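Just below sit the structures, each encoded as C-alpha cells.
After this come two complexes, each holding chain A, first together with chain B and then together with chain C.
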Partner chain A sequence: MPPFSNLRGGFLKKGLKWYRPWHAWVFILPALLGLFVFRLGPIIFAFFMSFTHWDIFSPPDWVGFSNYAEMFSDPTFWTMLKNTFIFSGIYVPSVMVIGLVLAVLVNQKFRGVNTFRAIFFSPVVTSAVAIGLVWGWLLSPKYGLLNNFLQLFNVAGPSWLGDPKWALMSIAFVMTWKMAGYYMILFLAGLQDIPVVLYEASRIDGATPKQTFWHVTLPLLSPTTFFVLIIAIIDSFRNFQIIYTMTRGGPGVSSTTLVYSIYQNAFVFYRMGYASAIAYVLLAIVGGITLANFYLKKRWVKYQS
Partner chain B sequence: MNYKITREIIIYSILIIFAIIMIFPFLWMFINSFNTEQNIFKIPPSFIPDKLFKPGMFDNYETVLSQYHFLRYTFNSIFVSFSAAFGQIITCSLAGFAFARMNFKGKNILFGLLLSTMMIPIQVTIIPEFLLMMKLGWLDTYLPLIVPSFLVGSFGTFLLKEFYENVPKDLEDAAVIDGAGPFKLYWSVFLPLGKTPLATLFIIAFMNNWNALLRPILYISSDNLMTLPMALTQFQSQYGARWNLLLTGSFLAVIPLFIVYLFMQRYMVEGITHTGLKG
Partner chain C sequence: MKKIGWIVLLMISLLVFTTMAEQITLRYWMWDPSIKAKVQAAVGRFESIHPNIKVELTTIEPRDYWTKLRIMASTNKLPDVFNMSSGYIEEWSANGLLLDIQKYVDTDLKISDYFASLFNMAKYPKGTGDIYALPFAWVTPVLFFNKTAFDKAGLSYPDENWNWFDFLNAAEKLTIVEKGKVKRWGFWLYGRYANVEPWIYRDGGHLLSPDKKRFAPDKNAIETMEFLTKLVTTYKVAPMKKDMTGVRSQDVFPLGMAAMWVDGSWNIENNRSLIGNKFKWGIAPVPVGPHGSKKILYAWPDMIAISAKTAHPEEAWELAKFMSGPGLTMNMYMAGKIPSYKPLADSAAFLEKGKQPSEKGILLQLGKDEMVNSFTKGWSEWRGYGAAEGLGLNGALDAVMNGEMSFQEAMQKVTSYANRVLSRYYK
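Coming up: the complex of A and B.
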C-alpha cells in the first residue's frame, strides 16, 4: 500500500488508519494465549473432569454425576462449605470496618500520616507464609505471647490453632490483620473523592463530626463501600496460604474451606475428578457474586457522581 | 482549642495502638532471630534475645543462609518474580495497546472474557494446569512458575488499556504522519509514555509472584529450585521446633519485598486504588 493512500477516507473525522486487522492480533497474541491456555481452557477442562474418577496415574473413568452425588451427600463437604461461609462472615465485616476506621484516621493532615499509612499497609505486601508462621508462634498455646499475656489476667487461653472451636476464627483473625491495610487504601481513595465543599457546607450548617460522618461521609462513600464489599467477599474465598501454613485445614476439617479442600482432594488424595467438582461449586459461587455485583450495582448505589 | 488538643491526643493514641498491632509480629520475628533455641522456649517469653550484641549474634542468619540454602531460595524467588513481572509488562502493554487504540473483530468479547476471568480463584484452574505442565514435562523446572504469570494478565491489560485510551489522538496521528507503523508507534510512543502504569504493574506482579505458594508446592520438588515461601513451609514441616531459625527465615523472606515496597510505595498504592485488584 502506498503511504497515505487512506488519507482521503476522512483524515479529520476518523484519524489515520495505520494498521491492518492482523496487527491487532499480533499484539494481543500473548494475552490470548494466556487467556485460552491457562484460564478458559482449564475452566472448560475442569468441567469435564468433574464427571470422571481420575488419580492421574491411570486413565480417567467417566462416572457421570457420581462426584456431585457423593459431594452433596458427604457431611464433610457441607462442613467445608459452612466453614467457607463462616470464614467470609467473620472476615468480610471485620476487614471492612477496620479498613474504614483506618482510612478515616489517616485521611487527615497531620505529621507522620504517611508513615502510619505505610505501617498499616506493610502486612499486605508480606508473604502470607511468613505471616502464618509468626502468628502461629504468637498463638501457640504454651510458649505463645498471647496466652502468656492472657495469663497475666489469670485467663487460660485456648490452643488457638489446635482447638476445633477456635482454629477457623484464628485464621480469620490473621487474615484480617494481614489485609486490613489493603481495604484502608481502597476506602481512602473513596474518601478522597468526596468534595471538600460538602464537608464545609455541613460544618457551616452546624453538624457535629459524628453527624457529618453518618450523614455525609457514609452515604457518599456508598459506591466505594459496595465495590469493596464485592472485592472482600471474593478475597475471602482465596485463603489458601494462611490455612496451609497455620493449620493445614485442621484439626480434623475444622478449618478446611473450599479452596483448601480443592488442593487437598487433588494433590494430597489424588482425587482429580472430585476436586474438580468442588472447584465448580467454588466457581458457581464466585460467578454468582460477580453477576450479582453487575446487576445490583445500579440499584444499591445511590450517589454515583 | 482544648477540644482540638484532646481530639488530637485520642486520634494519635488510636493510631499508635493500631501501628503497634501491625508492626509487632514483624518485630517479634526480628527479635527472635537473635535468640538461641533455649531462650525462645522461655516462659514467660523474654523480650530481650540472649544473643543480642553478643558474639555469635548473627548465628541464626548464618545457619539459615548457608546450611539451609536460603541464599539459593532468595535467588530463586528473585529470578522467578522478576521474569514473571517482566512478562506481565510485555503481555499487558501489547494487549492494552491493541485494546485501546485498534479496532478488530471480537474485540469487546475478548476483552469481556479477559475481565470476567479476573475474579476466578487459581484453585479452579490449577488441576488442568497441573496436568498440562505434566504433559509438557515442565514439572520441577522454573517454567510453570513463570510462564502462566508471564501470559495471564487481566489486571495489567485493564490498567494499561485505561492508560493508553487517555493518550491524545494527536500524538498518535503525528507519529503516523512521520511514518510510524504499529510496532514503532507502540515501541517509541506508547511504551515510553506509560512508565508509571508499567512500574505499578511490575511491582504488583513482582509481589504476587514473590509471595505465591500454590504453584511452587505443586510444581517444584528439587531443593535447589524452591522459592522462599515454599522453602519456609518445607522447613516448618521438617524442623518445626526450631523456631529461632524458622522466624529468621521468615524475616529474610519479608525484608527484600519490604524494601522494594518502601521505594515503590506510590506505584503500588496507585495500582490498587485504580482497579482495586492485586492481580
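Coming up: the complex of A and C.
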C-alpha cells in the first residue's frame, strides 16, 4: 500500500479535490525563477558577452572571436592555465588524502573527539582574508615563524610568497590547510555509512587493521571518494580570495590562475567581454574534467547494494 | 465669507504647488562611507542655503563604487553629482558621461582660491581641452624620514635642495648591518607607482610619449628607474620586495624597518597610528634628480563631476562647487590629503600643530609647483596596480629588484606589454 493512501481515502479526500499535479510547479517556481534569473541568465549572458567588447558603460560591441584569439595568442594566458593546473594538481590530491586521514582519525570513539572535529573544521568557516593575513605573517621570509624555525636547523627558507618558484605552491598549501576539514566531514559521513557488520566479519576472518582499511573501508568509501573528487576539483578552480589576500597573483603572474585573471579583467580593467571568454574556457575545462570523471567512475566506484 | 475662504484656499494651494514645482532633488554619490555623517552635515548646510534643492546622498565602499557607478552609467541613471578619480576621468569624459563645466568655471569660480594646476588634470582632451570636474582634494608622494634615526646617524634632515647623492649617502649611513644581517634598511620601495613616478618627474623624465598614448620612457625616466632598482641590487640600501612579503608595504616605514620611504602623503594617517611616540619622523620633498627641476610635482586630485545627462545642471553645479570647497571642513580629510580649496588648506587646522610630522606646511608649498601625472585609459593594466600589482611596470620593476631579470630585459618586456594594452584603448 502506498504511504498516505489511507489519508487520501479518508478525511483529506474532500480537501484535496482542488489538487492538480501541476500545482507542485507553483511551489518550486520561486526557486526556479531565482535559478534562471540569477544563475542561468548570467551564464547565458556571459556566453554572448564573450564575443563582445564591453566596458559596462557603453553598449557591448560585437567582436566575434577576437577575445578568444587574443587569449590564445597571449603567452601569459598559457602561464595562467599552467598555474591553474599546477594548483589543482597540488590541491586535489593533498586535500583528499589529508581529509581522509583526518576523517579516519576522528571516526574513532575517544574522549573529546568532537572537539577535534570542530578544531579541524574551524579553518573552513574562517574567512579567507583572515587566513591569508595570518599565513602571510607565518610565511614572511625574514620575520615569519616558519623561516625563523628553519633557521634553527641552519636552513635558509625562501621567500614563500615572494619567490616565483614558491608562491603558487605556498598558496596551494594554505588553501589545502583551510579546506581539508571540509573534506574530512564528507569522508566522515561516508565512513559512518559503512555497516559495522562488515568490519566484524573481516575481523573474524582474521584481517589486520591495514587489510581492513584497504579491502573494506576504501572500496566501500568509493562513492564518497568520487563525490569528494568532483567537489575538490571544482573547488580547486575557485581560489580567488586566498590569492587576492596573499599574493595578488604575483610576483609577476607566477600565482595568477584563470579565476584570478577573470577577476582582474572584469573588475579592475572592466574588460567584461574578455573576462567572460576566459570564464568560458574555464567552464569548458571544469565541465570536461567532470564528464571524464563520470565516464571513468564505473571502473572504480562501488556502490553498496 | 464663504467666497473669501475659497480664495484663501486657492492662494495657499497655489503657493504650495509653486514651491513644490521649484523643489528639485539631486542625487550625490561619494566613495567614503567612513565620513558619511560629516558629508551629510555638509549636505544639510547646502540645503539650508538652497531651500529649493534637496540632496540624496549615497556613500559606497571604494571597492564597489566604480562597478556600481559604471552600471548606473550604462543604464542612463547616473547620479547628478558624483566623486571622480584622476585615474578614470579621461575615460569618463571621452565617453561623454561628464558635463563640460568650463563655462561655469569661467564665470562662477575664483580660480585663485584653488591650487590652479589641479584644473589641468580635469581637462579633456588631456591638458588642453575643457574642464570636466572640480578637484576637492589632492595628494602627492613625499619623502618620509625617521628623524630619530637621522639624529643617531648624525645626518641633517632632508630638504628641498636634496639631490640623489645626498639621498644615497644618507641611505647608506642609515642601513644598519649586524652580524651580516640587515637590522634596518636605509630605504624601502617596490615597483609601485607612488614609489617610482615621483622620482621620474623630479628628474625631468616622462613615462609616456608626448601625446600620452604610448608607453615610451625617455632617457631621464630610464635613468631614474635604473637608479631606483640599483638601490636594491647594487647599493643594497633597500630590501628586495620578496624579502618583505607578509608586511604590508605601507607598514615597513612606520614599523621602523626602513628609515626612509617615498609614498603618497595620505600615509601620514597610517604612520601616526602605527608610530605613535616610538620615534620622531618628518616629511620632505622627493629628492631632485640630475636632470630634473624641483618645480615639477607628481600629484593628482580627487574630483567631483556632474553627469552630462543631469536635468538640473545649474543646481548640480552649485552642489559640486559647494562640496569641493566652501562646504567642506578639515575633519572630512584624511591626514595627508590636501584640500584643493585654499582658504581651507591655508587654515591652521590643516597644519595640525603639535602632531607629527611638523612639516605639513611643505605640502602647501609643493602645491604651487607644476603638477603632472601619467594616468591614461587602461592605466591599472599597463602600470600594474592594486589587484593587478604583479603585471605591467610594477611587476617588471619588482622582477629587477628581486634579481630575477636584468633591467634591460624588463624594460623591453614591459614596453611591448604596455603598448599592447594602450593600443587597445588608443587606436
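One rule holds for everything that comes next: the second predicted complex is superposed on the first by the 256 of 305 C-alpha atoms of A that agree within 3 Å, B and C clash if a C-alpha of one lies under 4 Å from a C-alpha of the other, contacts with A are read in each partner's own complex, and residues count from 1 in each chain.
Rule of thumb we're sticking to: contacts are C-beta pairs under 8 Å (C-beta built on N, C-alpha and C of every residue); 3 or more make two chains touch, one makes a residue touch a chain.
What you see is a predicted model; the values in this text were computed from it and never measured.
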item: Superposition on chain A - do chain B and chain C clash or fit; value: clash
item: Partner chain(s) touched by A:T176 [first = chain B, second = chain C, both, neither]; value: neither
item: Which of chain B and chain C A:K142 touches, first, second, both or neither; value: both
item: Partner chain(s) touched by A:N83 [first = chain B, second = chain C, both, neither]; value: neither
item: Partner chain in contact with A:Y244 - chain B first, chain C second, else both or neither; value: both
item: Which of chain B and chain C A:F267 touches, first, second, both or neither; value: both
item: Touched partner set for A:I56, first chain B, second chain C, both or neither; value: both
item: Which of chain B and chain C A:T225 touches, first, second, both or neither; value: neither
item: Touched chain A residues, chain B compared with chain C; value: B
item: Touched partner set for A:R39, first chain B, second chain C, both or neither; value: first
item: Touched partner set for A:S236, first chain B, second chain C, both or neither; value: neither
item: Region of chain C that runs into chain B when the structures are aligned on their shared chain, from 6-14, 42-50, 60-68 or 168-176; value: 60-68
item: Shared contact residues on chain A - chain B and chain C; value: 56, 137-138, 142-144, 244, 263, 267
item: Complex contacts: residues of chain C adjacent to chain A; value: 66-67, 70-71, 73-74, 91, 95, 97, 240-247, 378, 380-381, 385-391, 395, 398-399, 402, 404
item: Chain A-facing residues of chain B, complex; value: 8, 11, 14-15, 18-19, 21-23, 25-26, 28-29, 32, 40-45, 90-92, 94-95, 97-99, 102-105, 107, 110, 113-114, 116-117, 119-132, 134, 148, 150-153, 157, 169, 172-173, 176-177, 179-183, 185-186, 207, 210-211, 213-214, 217-218, 228-230, 232-233, 236, 243, 246-247, 250-251, 253-254, 257-258, 261-262, 265, 268-269, 272-273, 276-278
item: Of chain A, residues touching chain C in the complex; value: 55-59, 136-144, 159-164, 244, 247-256, 263-264, 267-270
item: Chain B-touching residues of chain A, taken from the complex the two chains share; value: 3, 15-16, 18-19, 21, 23-25, 27-35, 37-43, 45-46, 49, 56, 102, 105-106, 108, 110, 116, 118-123, 125-131, 133-135, 137-138, 142-145, 148, 151, 177, 181-182, 185-186, 188-189, 227-228, 231, 234, 237-238, 240-241, 244-245, 258-259, 262-263, 266-267, 272, 275-276, 279-280, 282-283, 286, 290
